[in-house]
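There's a structure below that I have some questions on.
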């Protein structure tokens, strides 16, 4: 997040010098991700949950599934809402109170990456057309910050979705009535978010917080299981050239395959 | 796969779109600079049926002071839809969508504006969507960039914006409202035409890597068309005798 | 608006000196309005719209007409709500955020002038009694400020109302259902707002921003087509004598006739 | 034309109103000064069935400082209805109506209060509507003016308020709640009785120019009645021995 | 309330010195209450009302009774909500705006004392199960502050409840319909709040504002007519020993009897 | 009298509670200190099915400055439930309940923290309820106290919290969610085990004076059990070699 107001000029110089030699400050290759650790079911009372550690960034996503009124113009579809919140214990600069623009962007980018991929088949979440649908709320809370929350939240949300157990409702005289049994959420694809930073003329994947603080621009590209791009967001004060964007697109597609395997592994066989 | 349901013919057998345009043709665009009395700079754009007003104040003092920066000026942008700009009356409170768009527009303009010349000050850019018809963020950005120039703020380059997208499996320029609702993808792009930098890029919808590259390419073409109209609008205000 | 914190003492002296000679700073007669320019249909997607330029003050009013629940105690009447907002590009002192007391007063005075005149016949805006009525929202946005927004907003709202095209609804099984065709809003009278300032012992009509900044008090009197007064609001830190108020009443009725002709002219023959 | 529907007889053949009053007769009014311990000045008014408490603090420091004025003191007023003051329980958040009324009351008091003697400070006036019955803003103003005097704030004049109005095509004094709901017009007036200035004037409802002038006239008569009661309330507190 | 930012050290010393001699600054015994004056029916248009003066603290509670939707999980019970607000005229330090944490605590403690005693028999306030119930709102407004608002608000609310006249509704085609007649609220017990402060090692009842400002900790114990404790709240930066808490419990039960008689006396014979 | 309706057997004939515990037995408690990278101190507690994370920052500067105290540091506490922590998704805005609990927790910790050593600064304690199961305030307090110690904030004593309560006319330790819903009384207690001071005490529900004293007694026993676990958690972090 760009919640930092001071930037260590020396650190930026060090990062730049290393990049000139093709190296990163923590020893990774330019397109290499930090370790990704996923624990699911960490909040058993939620309908689904996952804790993701991406390097030292740590996020929990909890999923609540409950009957809801459909949006007025889409009565034949269920509801999916994904949020993100930086808990104040995650970093000294985080403030309590309404989310700032950076947190709003974070939540909306993570939401769109999943939504635009059509990961959850919302047409299967209708209890009664125009009257009652299933609402799926995926709330991300950030526990520890070390850069690249876009990907950490996305992985937490998709892991929680993949392992969620959905109750069933049927529409009766008093509205939706809870039935016996649980089933997985209906999914069609597995979106993978890949975030890259541009520092000087270098493109690096999965920037940590030091890299995040001194980047010129960033881009998050989400791809689906078919290897297509389904959502994208550029951020930061700098720009990209056409060639750099082509590179980013390739890195995104290449990196996503390995990460998709890690995410897919959370589903019990 | 990945498209959205529609009964509308978005692209006919002759490659003509639902509003009569060709695939690489933008909507009708008119820009007028200097339309407000009080603002330091202003511009009005009609981009298809979008009607948008941008006004600029600054460089000026920052209140509260602790939000200013001793090393540089700061840019503040507000993208705002007036209540009657959309089909269903909009609640006046700023939506999360408006806050996000304000941020990406600011980040698209920042590389162009020479804020370092005005430390401790702010430049405020206000964009008012009077009527919305798809592609408002690009059109608002186009007007904002002209308003900044009209306000005499020194700039490294113009910023020109236009969306690309995909309908009926075809890459097209300047997605209109129907195409955005029923089409397959929308990719707003902002571009600095002389510095050759893309400063805003978003995408909703599914496309291959090849289509992605093609979208950027056709989008930049659109930005260049906009750029000529932005220059023309400024020339019409500042060198009216040379226009005919 | 009293949004200004500094007042140019010299300007006030100049304005006062001229008024002693019966003159105004921009050459107008004391009861003379600035030019009024009205363009209607400027926001075609709204149900009605008008841009009014009153001197260098500029306002757009857009009208949205949509089915609504009636207020609980007046189920046999439609809803009319008129708002006003100073866009931050209209003047350097305008701040974003919730409206301050001056903007709230502006909106409420403009609303009451129209409401108390019974301009719109709300009894004709009932879709189904106690269940569903037509709501008419007239939202004013101020684009450029040069004093006297009370009148500028009032003229924009009434012009937009006069030229609005209302859809029709009938109450069906699923609530209000949109019908074919459009018709004008049912109106009974044409209210005209006339705002005057008191500077020293002088009463002037349609104060511009220089005059607004140095006035002692102001009064807005709205009259209807029958030449009656239907709403009034005094403002500012000073007071009026009984005689001054009598004068204001006369100016209001006299000025309103000419302005009413200008407003009426927006209706296509 | 312009009136409001009603089945109630607002004025009978003998010129007697629905609550038994004559056309130029105000409701029963009692005012008591100095009713609170902590406030620097206070007053309680019963104006018909209105029950209103006003309290004043100041002159005192202003926080935040930038809201103060180096040339003069500032007056701040809050008109507030407690939740149980009206038939349907009122939401505690300040309504737009309360904000507007607070403003017109402040502007009605400002000409009377010698704020210029206390630069950089604020005088705060709080009016609490405990029970509302039509005409609350006038009654609140009456109590506020007494509370200001009770606080020892120097004043050029008292401010006295009373509404005029129109029912059954007749101009009347002091509109009550039923008359306000069912009548034709309501015109709250505030008046400085010695300086002869009208400092608050509003009108909802339809009347001719002649009726307008007559309303002001009868309203001022009401204000003068209130003025005597305001003086009496202060005298009862400060010179109790002289009262009998 | 702990709304004070400065504490008079001299006053604290004086209070402490007196307490060493077993005396209080206003001459009361340690467990002695200030005079309690109750006027009921002071806001006749409300369904119930009471003004309580506890020393120089003064509170009015007004009660509004109106049909409401039941909370989703308790359709067989009416609704009781008790609030408290410090009016800005009650003390120079009170600020307008949303309630601060002290005011929120005050309201919630007064509410719980009454709620947990089951004073109002909410099972008798059902108009139609799961559809419509009676809502009882007891809103306290503080007019003058001299410490111990917990008890002043509690006495105002219980007095207003004891003397309230409840309208009756029956459920008809259009929801709840008002019937003829009024009746008292159904009550089962009379809770009495007793607030004590700890200053040094001394426990005093009903602290006035001077004592409130210098106390180490406080405790509010509410007891019912049967002499049982039904709610309790400790506050303040200090702690209590087990023995001190035992003492507080005894004081609470002893003091409550006399106060209960005073409260009970508001009910007309 | 005064109890709450329930069909559940809260206490069987052998004195065994609905979750198998004895009357004076707390739920399973595990505490881990130092679980976060950025926070100056942190702790994670599982208290029955409660899962709570606490993080501490400070002593650090206070913004805005006027909220700081020249004589002492200030303690700020936030008790917060994440949206998925309760059965029905919680609205993110802080509830009045959360604000009150934050206050009583702060007042329970203040006697223990040596804030006077750090004038003009603040110590911030953030408690995040990840999963709630009755007794969250006590569990959050337990984690917060360990997090304060982990942050190296000097403390006069540990603060240990556990609830007592009453079900089936019996005084019990550590009320769980079912017992809180269906039982007769819940009394959260916080205790400084060496200074022997009770710093948080609340009660909802009806009990005699005798039961009240007994509740405090059994509650303190629970606090002492918690205290041992708090010490163990800190020891496991700082002296892992001594643990086995």
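Letters A, B, C, D, E and F mark the chains as written, and numbering starts fresh at 1 in each.
Everything below uses one rule, namely that a contact is a pair of C-beta atoms (placed from the backbone, for glycine too) under 8 Å apart; a residue touches a chain by one contact, two chains touch by 3 or more.
The model shown is predicted, which means the values in this text are computed figures rather than measured ones.
Number of steps on the shortest path from chain A to chain B, with steps defined by chain touch: 1. The minimal number of chain-to-chain contact steps leading from chain B to chain E is 3. Using CA-based centroids throughout, the chain positioned farthest away from chain F is C. Once the centre of each chain is set as its mean CA position, chain E and chain F turn out to be 27 Å apart.
Averaging C-alpha coordinates per chain places the centre of chain B 32 Å away from that of chain C. Averaged Cα coordinates give chain D a centre that lies 52 Å from the centre of chain F.
One full turn of the ring, starting with chain A and passing chain F second, gives A, F, E, D, C, B. Remark: chain F residues 36-39, 42, 49, 51, 53-57, 60, 78, 80, 82-85, 87-89, 92, 124, 126, 128, 130-131, 133 touch chain A in the complex.
On the chain A side of its complex with chain B, the touching residues are 101-102, 104-105, 107-108, 112, 116-118, 219, 224, 226-242, 245-246, 249-250, 253.
Interface residues of chain C, counted against chain B in their complex, comprise 42-46, 49, 56, 58, 60, 62-64, 66, 83, 85, 87-92, 96, 137, 139, 141, 143-146.
For chain F in complex with chain E, the touching residues are 1-2, 96-97, 99-100, 102-104, 107, 110-111, 187, 192, 195-209, 212-213, 216-217, 220.
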